[in-house]
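Starting off with a structure, shown below.
Letters A, B and C name the chains as they come in the text, with residue numbers starting at 1 for each one.
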């Protein structure tokens, strides 16, 4: 496959004696929805944090959009169009929902060393933020304080924040975590729409969602890639079944 | 800020009007003492407002803010001592020196977080304190008397009690206005966002420490201005205005009034200094009352006076 | 050369004293995550108690023992009445609340004992200089301080490293939830540790009392030094506090002893005598700044939080 948007080569990260990422290589092609699955402790969040710059790898390289970003701090990667959502909702809890989103838009609209004008009156930022809010179905809750939003709404807001920075790639860390059935269904619907506009890396435990959405799936065990293929092939892969899916019936009952 | 008619806005308006009319009252009643006291209060309020900018909005708990009082004060004092009497030189130098100090210690301190940040800012302020104590030419521990106040070429006369008071008041109102603009600006939103969740702000593309540092420098300059005013007010500057308990006093003023509130520090300063002054007239052991009071305020009155005023509106 | 030996011993003595103060602070900080500015006030109270009790009883030793008990008690009462309500608050609240306590203690002492300082005279047997190496005499009292401090430091080490309480203390410093999960009476443990810290501070204060005058505010400068030490050593680490305390004690003492001579080459004599004490005080803060810039969590961080 040509033109990988994200290319990870021989990435390793250790914590003391534990190898959380073990000589891992991975390509994500522009336009695809690439899911990463694996049992608990497989090092999924560690991998994501290295992709988006919260964590530095011990060795290996990460290229994004043709640039070596291995040593770039998170804020520089964000400027290049790499946006992430967090597994544990990580918003500005004492800010309004729309302020959260508008700040993301602001980050990608020139510098912020402007001390005088009222940022909340910059219409283009507000409009961009509102568009992202409506995109995830939160248009009505724009002026609510984040801590007053429901868990599901906060997950959607995470997504709106990521979208507002107009990213080339969205890295989503378990967007469905803690969601109820209806909320999950809404999230799947939303992701299905978004994947037409932006390349997505999705880490998720909800197998129904993963197999319904993904173009390709990478399976991680103990920080190592044991398989990377289209969903149908992953489902048939004996090593995956043994290492990870063997004890779950999800695979068989879902078409 | 709400423009609603509520207890809080009424109190603010009353405070502003009273501060503006104070010299009038002082001259009508012949009570010069109150003007002297309130000149001091207004100056410290400016320092508290500047501390509130980093502490309340930026989440940076500086325990060394009194250093800028000394730097601003010594800039004016030393220049006067060396025969440079023009305020147009003295005051910009005071601001620049404060900015420079803030830039250097900010860049180093902001590598740490939490209680380490509290302690490292304290350490730097203590260093400034000892530097001042060691300057034999400028009086060392005994301090430096300023024999002639800054000369602004007839534009304003700082030696006139009332004029000087209004200069201080203008600086305070200017400072508050500046903070208000900053807090609502792009820059201010970023700084407050970083206080709320640094990791998130980095993830959406902000270099958190760069914004923190600029905020730290602005605050240091404002406090340096307060230091220049303070030295002028007493015609004297000594290392003791940089002592760590003075930094503690400033923190108390901010917390007492309401951290992260625009006018809170002003109200906190008035309360703290008036209380200190009136207690000192009743007893020389004011700490026995102020100390436990402080503890009680910390324990039971979160959000300070301003937070309490804000809640009154509904109740 | 002989003078150097004496200065080194002085540095060691001051460093050990600082360690006693810092040990209590770092324990309280490490286990309860509590910043106690009033620790310096306990140091001061130890000195005042000792001077008072020694004058009442006419005995230096009885005075000291009573003073130790009194500071221990005062620390536990303080913890029970006021400070335990500040656990779990953010550090700023703790800094302010205990800052209030400093104001209180300073004026309470002024009210009770008056503004003038007290003195704690030494018994005769502690005033004889002792010959430590041929030709070098050293005050026996300072040697006694070194001995007592070393014994206390060793005891503290044994308690923290070898006993059940010590295990809980160490567990608390690295993982606060764990001791809760073990079903220990945390409140009692905290009160005990706080009392222990207070007694250590009081011990430092009363041992320093015969050397300096007992006066209001004596706890403040040294408290800041103790904070510098625990920050350099890494919060919650007894070992870090010990090494940093010796280091700081040496720098402070040697700086005061030799900086004037060094500066005299550069400055006029009067300027040098003003600048020298300032310089040696500054050195310590400079050291702390360097440590924090290079290792933002101190030299020996107790654990990853």
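Criterion: a residue touches a chain if its C-beta (ideal position, glycine included) is under 8 Å from a C-beta of that chain, and two chains touch if they have at least 3 such contacts.
Note that the structure is a prediction, hence the values are computed from the model and not measured.
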Relative to chain B, chain with the most remote C-alpha centre: A
Central chain (distance from its CA mean to the mean of all protein CA atoms): B
Rounded Å distance, chain A centre to chain C centre (Cα mean): 50
Distance between the centres, which are taken as Cα means, of chain B and chain A, whole angstrom: 44
Distance between chain centroids, defined by C-alpha means - chain B, chain C (Å): 32
Sequence positions of chain C contacting 2 or more other chains: none
Shared-contact residues (touching 2 or more other chains) in chain B: none
List of chain B residues in touch with chain C within their complex: 55, 61, 63, 108-109, 111-116, 118-120, 122-124, 126-127, 130-131, 133-137, 140-141, 244-245, 248, 251-252, 255, 284-288, 290-295, 298-299
Chain A - residues contacting chain B, complex: 52-54, 73-75, 78-79, 83-84, 86, 90-95, 99, 102-104, 106-108, 112-120, 122, 161, 165
Interfacial residue positions of chain C with respect to chain B in the complex: 29, 35, 37, 82, 85-86, 89, 91-93, 95-97, 99-108, 110-111, 220, 224, 227-228, 231, 235, 270-271, 273-279, 281-282, 285-286, 288-289, 292-293, 296-298
Chain B - residues contacting chain A, complex: 181-182, 184-190, 192-193, 196-197, 199-208, 211, 214
